[in-house]
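In what follows, structures are represented as structure tokens.
The following pair of complexes shares a single chain, subunit A, combined with subunit B in the former and subunit C in the latter.
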Partner chain A sequence: MFEKNRTLIVIGTVIGIGFVILPFFMEGYWIRVITSIFMYGIITAALNIIAGYAGYAAFGNVVFFGMGAYTTALLMLRLGLVWWTGVLVGGIVGATYAVLLGSAILRLKGPYFAIATLGINRATEQIVINWGSFTGGGKGITLPLPQMEVKDFYGLIYYVMLGLLALTVLANLLVIKSRLGYALRAIRDNEDAAETSGIFAPRSKIMAWCLSAFFTSLAGGIFAYWFSFIEPATVFDISISVKAFVMMMLGGVGTVIGPVFGAFLIELISETIWGKFLTLHMLILGMIMVGVVILIPRGMVEIFKKKLTLAALWNRIKNQSV
Partner chain B sequence: MEGRSVSKHFGALKALDGADFHLEKDEIVGLIGPNGAGKTTLINLVTGVHALTGGEILFKGKKISGMKPPAISRFGIARTFQIAKPFSDMTVRENVLIGSLFGKNGARRSTGIALREADRWIEYVHLQDHRNGSVDQINISLRKKMDLAKALAMEPDLLMLDEVMAGLNTKDIEEMMHLVTRINQEFKITVLVIEHVMKAVMSICHRVIVLHHGRKIADDTPQGIVNNDQVIDAYLGERYAKSRGKSR
Partner chain C sequence: MNLQVILNGIFLGAIYVNVALGFSLAWGVMSVINVAHGTMIVIGAFVTFILFRTFAMDPFLSIPVSMAVLSIIGYFVQKYLVNLVVKMGLFLSLVLTFGLDLLLVNIVLLIFTGDYRSVTPSYSGTFFPLGKITLPYVRVAILLICILLTLSLQIFLTRTRTGNAIRATAQNREAAEIVGVNVAKIYAITLGISAALAGACGSLISMIQSFTPFEGGFFIMKAFIICVLGGLGNVWGVILGGLLLGVVETGGATVLGTGFQEGIGAIIMIIVLIFMPKGLVGLKSK
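And then the complex of A and B:
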């Protein structure tokens, strides 16, 4: 067990250092692609805390991305705050929003919770659109431009996203090893039995969603500063959540590394190949989701853990009853 | 523990209809009765899973009816389930860990110490060979033992066992009977056993409560129960009474 962990830590560190020195060997386009991969890594790893560990399918988690983005934008524009202060406050606003919402809707189970989160995302988007005098409304809002060289700016965003990704993965690791992690897994497996075992389920679920929202909001804030223009249709776009679900399931639901791994795979393919087939994009994502559910319900991580061969996968296809 | 005119109605169905009961400290009490008599409902009321329609339940002198299930568990009440409800994505060890991590003294423990506690209980019920096995790989007898170890790891003052011997073979029943008696003597845990295996009820219980249609129809020593005509009519049956040499 310890040996295995040490190998993983060594591999993780090597990959981490690799990404730290990578910008010195790359041009602008690739920096942007990889920054975007990091961003999806954060969103997916954050989603994993509530959807993977606790089993609560927060399909509308993108609402926190939007909240973070708008808080950052408005604080910079209306109050003249520095970008990182805006991002931090955005994180806190998103986390608070999750606590308030969670107290109300985390008592819903299964699909009911998932649908409620979709509704909340939609409602929040509508508030932003209709409160035009403050938020800029449906046509979006432009942030103050950064006072630095474009190349330096993209470098900065790259490292900030990388740092936040590392923190989000670390948070996943700490959660799963902790009392909270065991409570969440027990809740996912059997909430009633968890409660009679002394676990305060509402408290644990709210805590999980709060953490998930915090990291998602931070990513949204950084995104707003990075793109310097945001509109409701972009930052509350449900396909961000859908994509995060596909990534999480492809990589490995409820594992520490899986979701990030899935994000890298999908976003890399998405940016390099599917960018050329805009309409086919969602179709292929859907097909991947179906394939994953049938073939490797526990994600790519399962292939490595159980050393599944192609023959074993083929057997799973054959054994599917229709 | 004490229950005062405890009622639970599900719509028109009176699962429990004004039952009084009490458990003394260190007792092993059997709870028997035909299917649908309200036995499991009673456990669900005590653990806070269902809200009472009427009456109240006290434990260690404090009113617990109305408290949330986790609060009641941490106050010292643990149960096992009729149909074992394991955390299926966890190993045997992690299942028991949930008990030691969130039970009566769990909040004061680190996960490391709680793991050692879990191991102690796993050995107590002789599950050490399956410690790292996954729950869906072990048979029903082992699963019941795991459920028991998890409940014990919560260090309860009152342990309620819901048909912990159902589905076990004769040898496993013997072992379980021995375990329950030992738990009661060694740790001074009060035990309430719901059981259809009469042999076990007769030999390990100090006292037996009989429920029928949501009402308590008898509360006596095991010997008194088998000679009670009302109990024979409602539950035990003529054949059982004859086999014990009672003629009517």
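And then the complex of A and C:
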């Protein structure tokens, strides 16, 4: 099934090997930046499964990131488990949460689904905040510190994130080539027609969201171990999901590698250029989001396809027909 | 649960009706979920704050000013940004308004910093005792203004030419276009009105709570919940949803503790969505 993508696989492997040997030539700062890029790549690629293929606007997907982070933190702290067991259990907890919620709210269409996911994120965050005796509440929770050299620790996180990113991309590839992928895309284009032609939509959608949640939760768990301090305001921050949406749209919705590419581009620019302006950081992110939507709503491929001039934009505004 | 709690719930509910009124209008007419609506409310509060601080202007008198400022912002945001993508689906308009929200929050933050602000005219904190219950003057006035705004919107939508055009566009965009409605212009006017209502709401809220530039997310969540509870497309659904949320939150906070006030609404919304996907009064899904 991979024959058609042989060139892609080769390029992917080369880039992968590149990233594997990269840490030997880099300082700590760049390892941190690239690890953070990998993390957004995972979140975006995972989001792509439910939002890109199935067309369901899961704007509250960050809830799984928070679930994974908190499960890992609590398992390590309260039960003394090893970090990777915590991360794995976190992934399973997140996936289970998605199956339970999905069977209820994946029936909702369009904006109602988007709002329901936002509500679930808010409700979960509130539960974590109010259940302070167990979760540490609004002021956050500190994880046990890793028993190794700082340099080795950051290297470890780098490789774990890279491996998970590779797995998430592989999952995307497997989904898109499988019956599930065809079902999801049929659902995206016309759900009623898909059901008429024999696709059991609820199961497909739940499977897609479950996969998406699994990888997002794993990323959250690794993030918790990496930062060794988490608080509800950080790990349930809705702007993580929204950023992932922008990255996905920039790279190309519903493609395998596009969302990861979008994540690389935005997170690299974010960390290296406008991350330096502490007070303007979010302002510039807002401008990028508006700019991407207005100028290249169909993603980066559009840059090569049409003229991006002020005159062209002015024409669109003048001749707008909504 | 005593009378005072219910009354407080209604006072809170009146504010919530006002929070959701403009948001529901934009959603119902254009199918645009304006995530920046919450921050537009915050901007309204800051307009009142700055007028109160510099000119000692009475906060109630500053309502028209914040409505005017916000309606201009809303009109141009729709005309030059949202109109370009409104036809292209949910992802784009949601990400666009999220981006606008970030922009607006951070512009307000640059101007006013993140400090807590409040507007405290001389009569704030005074109340009218009525037997066992107390009626704070400010809250009563806010309730009256909310009723006034809601009625004005209803009359505008049903009795004026522009209002009829807005309702026609909401019902059927193509048909409205065929009979000569300039849909792009109507959309810009709709978001202008929606934002003006947010401005009025912000002015009112500035009198009853302290606020920072980051308060928008709190209001937008309330607007989501109210629209789900009450359904879209008419003013009465918003009134029902807003009052219900106000009473349930106040009652819930009394019974369970104030820490749960925020979560209650979100959980109710999810339950309603799961068990009554059509909303309490029959949700018009678009």
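Everything below uses one rule, namely that the second predicted complex is superposed on the first by the 275 of 322 C-alpha atoms of A that agree within 3 Å, B and C clash if a C-alpha of one lies under 4 Å from a C-alpha of the other, contacts with A are read in each partner's own complex, and residues count from 1 in each chain.
Going forward, contacts are C-beta pairs under 8 Å (C-beta built on N, C-alpha and C of every residue); 3 or more make two chains touch, one makes a residue touch a chain.
Because the structure is predicted, anything quoted here is derived from the model rather than measured.
**Q** Considering only the touch criterion stated at the top, classify A:R179 as touching first (subunit B), second (subunit C), both, or neither.
**A** The first partner, subunit B, only.
**Q** By the touch definition at the top of the document, which applies to A:G110: first (subunit B), second (subunit C), both, or neither?
**A** Touch partner of A:G110: subunit C, not subunit B.
**Q** Going by the contact rule set out at the top, does A:A201 touch subunit B (first), subunit C (second), both, or neither?
**A** Only subunit B; A:A201 stays clear of subunit C.
**Q** Once the shared chain is lined up, is A:K139 touching subunit B (first), subunit C (second), both, or neither of them?
**A** neither
**Q** Thinking of the overlay built on chain A, is A:K151 touched by subunit B (first), by subunit C (second), by both, or by neither?
**A** Neither partner.
**Q** In the overlay, answer first, second, both or neither for which of subunit B and subunit C A:A193 touches.
**A** After superposing on A, A:A193 lies in contact with subunit B but is clear of subunit C.
**Q** Comparing subunit B against subunit C, which has contacts with more of the residues in subunit A?
**A** Of subunit B and subunit C, the partner in contact with more residues of subunit A is C.
**Q** Who does A:R6 touch here: subunit B (first), subunit C (second), both, or neither?
**A** Neither: A:R6 stays clear of subunit B and subunit C.
**Q** Determine where on subunit A the residues touched by subunit B overlap those touched by subunit C, and list them.
**A** Shared contact residues on subunit A (touching subunit B in one complex, subunit C in the other): none at all.
**Q** Which of the residues in subunit A end up touching subunit C in this complex?
**A** 51, 57, 59, 104-105, 107-112, 114-116, 118-120, 122-123, 126-127, 129-130, 238-239, 242, 245-246, 249, 253, 279-280, 282-283, 285-290, 292-294, 297, 316-317, 320-322
**Q** Quick one: which bits of subunit A touch subunit B in the complex? Just the residue numbers, please.
**A** 177-179, 182-183, 185-186, 188-190, 192-201, 254
**Q** So in the complex, the part of subunit B that touches subunit A is made up of which residues?
**A** Per the stated touch rule, the residues are 47-49, 68-71, 73-74, 78-79, 81, 85-90, 94, 97-99, 101-104, 106, 111, 150, 154.
**Q** Enumerate the contact residues on subunit C facing subunit A in the complex.
**A** For this pair, the touching residues of subunit C are 27, 31, 33, 79-81, 83-88, 90-92, 94-96, 98-107, 109-110, 173, 183-184, 187, 217, 221, 224-225, 227-228, 259-260, 262-263, 266-267, 269-270, 273-274, 277, 283, 285-286.
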